[in-house]
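Here the chain labels run A, B, C and D in written order, and each chain numbers its own residues starting at 1.
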Amino acid sequence: MEVSLDKRYPVAAGIEQAWAVLKDVRATAACMPGAAITEQTDDTHYKGTVKSKVGPSTLLFGGDIEVLGLDEAARELHMVGKGADKSGSSASMDLTAHLEPAETQDTCTLVGRAVVKVNGKLAQFGSRLLVPVSDVMLGQFADNFSAAAAAAMTRPAVVEAPAQQVDAAPQAQPSAVPPSQQIDTPPAPAPAKELNALALAWAVFKSWLRGLFGSRA
Amino acid sequence: MNAPTDPALQERTAALQGMGDSRLRKEDARFIQGKGNYVDDIKLPGMLHMDIVRSPLAHARIKRIDKSEALKVPGVIAVLTAEDLKPIKLHWMPTLAGDVAAVLADGKVHFQMQEVAVVIAEDRYAAADGVEAVQVEYEELEAVIDPYATLAPDAPVIREDLAGKTTGAHGAREHHNHIFTWEAGDKSAADAAFGVAPVTVAARIHYPRVHPCPLETCGCVASFDPVRGELTTYMTSQAPHVVRTVVSMLSGVPESKVRIISPDIGGGFGNKVGVYPGYVCAIVASIVLGKPVKWIEDRIENISTTAFARDYHMDGELAATPDGKITALRVNVIADHGAFDACADPTKFPAGLFHICSGSYDIPAAYACVKGVYTNKAPGGVAYRCSFRVTEAVYLIERMVDILANRLGLDKAEIRRRNLIRKEQFPYASPFGFEYDSGDYHTALAKVLDAVDYKGLRAEQAAKRADPNCPTLMGIGLVTFTEVVGAGPSKMCDILGIGMFDSCEIRVHPTGAAIARMGTITQGQGHQTTYAQIIATELGIPSEVIQVEEGDTSTAPYGLGTYGSRSTPVAGAAIAMAARKIHAKARKIAAHLLEVGEDDLDWEIDRFKVKGDDARFKTMKDICWAAYNNTPAGVEPGLEAVHYYDPPNFTYPFGVYLCVLDIDRGTGETHVRRFLALDDCGVRINPMIIEGQVHGGLTEGYAVAMGQQMPFDAQGNLLGNTLMDYFLPTAVETPHWETDYTVTPSPHHPLGAKGVAESPHVGSIPTFTAAVVDAFEHLGVTNMTMPHTSYRVWQQLKECGAAL
Amino acid sequence: MAKRIIKLTVNGKTVEKAVEPRMLLIHFLREECQLTGPHIGCETSHCGACTVDLDGESVKSCTHLAVQCDGSTVLTVEGLAQGGVLHAVQEGFYKEHGLQCGFCTPGMLMRAYRLLQENPDPTEAEIRTGISGNLCRCTGYQNIVKAIQYAAKKLKADAEAKQTVAA
Amino acid sequence: MIPPEFDYHAPKTIGEAIALLGSLSEAKLLAGGHSLLPMMKLRFAQPAHLIDINRIPELRGIREEGGEIVIGAMTVERDLIASTILQQKLPLLSEAPRLIADPQVRNRGTIGGDIAHGDPGNDHPAIAIALDASFVLEGSKGRRSVKAESFFHGPYMTELAEDEILCEIRIAPFAGGTGWAYEKLKRKTGDWATAGAAVVMRMSGGTVSAVRIGLTNVAPTALRAAAAEQALLGKALDDAAVDAAAAAAMAIADPQEDLRGDREYKTAMTGQMVKRALRAAAARCR
């Protein structure tokens, strides 16, 4: 089961600040609901987890993230995440995101194209939910990203001068900043995020079973 | 059976409950009291439970399997992977089709939910916990789902284990995903006929992948006795003796020390013919651990991995004269066999008996070519309640005949009348080399058309079509099919080199009670009831005292099992022949007791009488007793016989089915208003059971035609593998069935019987499609692909501008 | 997980056992009580092969926890016949050829048994709806409908006979 | 298919249940269990605790109170069908459950469980919207009442807070002359709706004087087809009016594709079900 999503989200921060977050894989990953980077294996490879914990349901995806491209000039990040959970599902997302200036100096637009693929139980029981669920997840990602970018504004130290990176090959250099110095991206307003995550994941799990159980709890 | 008129004789005949009697079923007593003995009911001391770790991906490399967490789960005893099976060379196993199949994935998975590892634990709960704890790392590969795309030059290689193999079990392989190409008929004759034909029609007919889905899933209990070195396995198998042979070959345990017991089976329908990885792993686990190991599939595993059916993509062509006389048939098939060629067909027939596809029609020239291909789907290709690939064949020819009728503006009954093989042409040599044994197709057709007032129905349909405000579309489907069953003559048919005979052994005891054992195995067909009826009539002893036993390879004679409607045609014949051997000996004993010559005796129902002297006779009961204490000189005591029957030919049951349905133009829902099934299965042994078999076959046919499907997405995920989505109709959806019959005995079968259980499945499916398509015919539609769900039918309504 | 002691009446006998909270009623009956009449066909509450009578209602025991049944009364197909005499529904299935492979039969019988108490004189449509939670792959239901009609008739006759005796 | 381990609790009162819900982590309420248990067998759901609310008498039963019909949330479908109160005063609610699941499941499945899950595929949400029902919720902060129409926020997102339990469904009995219908298209017995429509209406002087329409499984939540209602009010129920209402309902349908059909089919079926339900309801208006 595969779907492509093209999205545009407003960001409540200037393009430079937003780029500071976007090019930082850890910071960007942290904006994905329930996602976390657990380990960096080399310049472009990371290990991470995505956890959706909802009512009775827990889906823990462990997997790899590879940064395929980080284009300073185009303000574009291209990364692929692949993972599997223990109950027999796997999922992957090929994400290309770049930033465009907006009308005002202190806002910009996050433009994303994601190709989401799911296999196993997820695809068998929940394929029809893929689009709406991905929509919600990306929507939350955008909110968190915007919040992170806004927060980053107050931390000019971590924003490298573009000049240094202008000639950067598409090959990513996220390790230019050692993990220890990475900005700790503030989470989006916790209650809100949690509520969404709960409702969302509950939706996912219950929805997988839609069409599966012609009966009632 | 010419029934006697004398009341006394009638009474004695009735007392036997023999051939033709609607005898109530002997097996029911245990089933209605919950005392059936199905495989999951079997509990052995110290028995362990096995569960299977399966791949979420359809095509992937296995990078790593980590058992450690699973082994920590309380109650888990062992976890086996391909690496554990390698030393004993059991990580791959041979298939019935001459291919090999992975028992546990060997570095690569080829279809979704393929077996990757097994967990053996103290109970099924711990086993399930263990399965969840096994960590497997995969590297996803591009999956190939489309059977045409799989033959593209650059298509991913599905079977790396076959690299460099340019020939398979059935000849040359022309592509890395190609299995075989099989031809039948006379291509040049067919091509010539098409060359000069004034009328030709062509169509691509897809018969989608479906699953037999018996209510009981597959399973086994393997029990190896390390002291005696004996392996006993209780197994849901339609062919226990063949399985024993395979198990012996695989395990190295001598066949004499392998015992396969098929207990009560909760429906088979072809799903339980094959040998599955679960069986092999349970057996290995039992041998390794020295304890009984039970494996029971769950429903999702059953639908997803064990033995699908059909998946034939057929390009059919008919050549004809302007007045509708068919002159030639050509058909080219792409057969999607999934990741391993595990079709259950006679060895020499990789496409089964698909070449019955000239059907009930007198077609001078015909040619068929079937190409088998690999895709990233589960293996199978079994005969789902039909003889090998006969359902596909009948579907093809019946669709093509309707399409030709449409082209010529001929009525569907009329075009059949013009092409059906005539009574006097039997035995009829088909263009594919079959010799149809007997038939009277025109009589059967006329009987059905009269019964439903066919003319009246067509008039009603015309009136409805003329009314633009009519909320429904009315369709009439008519099918005149011929099956080929009873595989089969060993000169043509074998499995693993073993001829497809079947067997019977009868022992009659002093009191006149008998035990009979066969190589077949009932899955609901009522063998214990009907087989006894055959013996009762042949030997004149009551059915009630005849015990029929099957399914235990240690007690039953070797037989090929029950599938492809072969029990009555093959085992039924073996029973009659064995009984006749006993009958001949009984005559000797009777002559001895009555002190007359054998030729001075007449047989009458249950006794030998001295010609012309009704007072002097010996009943079979008398003779049975004498057989153990007073046999003539030179005649050994006892009264038993064995017969292995190798049929001289297949049998060819036929039928005429008619369906009337109405389609709701608003929702696309179909309502079957009437369905009449006329079957001719030759001589009828138990009419009650025959009618029951027909009801069941029609209902399965309805399910296949109207709802069953196994949809895959581009990555090879099977969508809809539970009973929520996989269509098994309830009593509410199932139509009311009308049945009728004619009797045209098989000339070569000792009883004249042909077999019936599968005709209604084979015959009804094209009838439903014909009816649905017929409803749209005036709108220019000539074919539609199953299943005819409300959704698909509505799409057709919309396309034709007929949706409300 | 700590086991719970549950006590229930199964086919007239009191059964007291310690079970895991997650144990399904169908497994409790089949594994703990050795009552293998009820079968497992789909595990998602669609096929009805596991149907038993729980406190006077038909339920699918594959979708029910044993702990939920503490204090309950369960009747399975094994408890239908009384004193060696088949119940009318059992007789009906036999006489009308209402079964073939027999796998759905125990659930079908238990549903028919309860249906005829809910509605002693059902129409064919009511019977078909009444057993729509039970799947059969063999019979096409036509003879099952006849079997239930047979049982309805017999139960009615038996009841009338009783009344005349009483009168 | 074996559920994972969990601990089991069977409170006897609503208060105990709410307390458990507040104190236990990863706890889930167990009502009829016919969605939750299969989900657990698939190991999608792995609650540490199940709180079985089947043994709470105050959650069951149907009664009349202050001019309202009050239905306990744990009242099973079979009891709705059998209720003489409903048959006489809210016939839609005793008739519609016949189209839900199958007889065995209707013996366990509850109206409250059906509603509380907020599953757009469930039938009661749309029916409750058509009936203008109120839901009584109770939690640690006490009781509150919510209109059916404003209860469903998204797929499985409802007004119900984590520590709240749906206790009652309150509905005003039908006024004289009220017509009703629930039309549900499904593939087979026990299936979820491909599309469904619930209608409650009254006519006076040959025109529609009141009407409420609820839609099942054609959007992320059950919907009230307000525009469709407006298209009918004050009009005679002729083909034009019915078509207009159906069109208005189709306009708000936002279904997801699945094996039942694509968006186009489900949207079209929304219109079909609305038309059929309106005609059936009209035929019952006296």
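Please note the rule applied: a contact is a pair of C-beta atoms (placed from the backbone, for glycine too) under 8 Å apart; a residue touches a chain by one contact, two chains touch by 3 or more.
From a predicted model like this one, the values you see are computed outputs, not experimental measurements.
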{"item": "Most extensive contact between chains (C-beta pair count)", "value": "B-C"}
{"item": "Chain at maximum distance from subunit D, centres defined as averaged CA atoms", "value": "B"}
{"item": "Distance from subunit B to subunit A - Cα centre to Cα centre, in angstrom", "value": "52"}
{"item": "Separation of mean Cα positions, subunit C and subunit B [Å, integer]", "value": "31"}
{"item": "Geometric centre distance via CA averages, subunit D-subunit B, whole Å", "value": "44"}
{"item": "Multi-partner residues of subunit A (at least 2 other chains)", "value": "87, 121, 127, 211-215"}
{"item": "Residues of subunit D touching at least two other chains", "value": "1-2, 4-5, 30, 33-34, 38, 43, 101-102, 105, 108, 189-191, 259-260"}
{"item": "Sequence positions of subunit B contacting 2 or more other chains", "value": "124-125, 132, 298-299, 719-720, 722, 724-725, 730, 732"}
{"item": "Contact set on subunit A toward subunit B in their complex", "value": "1-2, 82, 84, 86-90, 92, 117, 119-121, 123-124, 127, 211-214"}
{"item": "Contacting residues of subunit C [partner subunit B, same complex]", "value": "20, 22-23, 27, 30, 34-44, 46-47, 49, 76-78, 80-81, 86, 90, 93-95, 97, 99-106, 109, 127-129, 131-145"}
{"item": "Touching residues on subunit D, where the partner in the complex is subunit B", "value": "1-2, 4-5, 43, 102, 185, 187-191, 194, 259-262, 265, 268-269, 272, 275-276"}
{"item": "Subunit D to subunit A touching residues, read off their complex", "value": "26, 28, 30-36, 38-40, 42-47, 77, 100-102, 105, 108-110, 113-114, 117, 119-122, 153-157, 162, 190-192, 220, 256-260"}
{"item": "Partner subunit D, residues of subunit C touching it in the complex", "value": "1-2, 4, 20-22, 24, 43-46, 48, 51, 57-60, 63-65, 67-68, 111, 115, 129-133"}
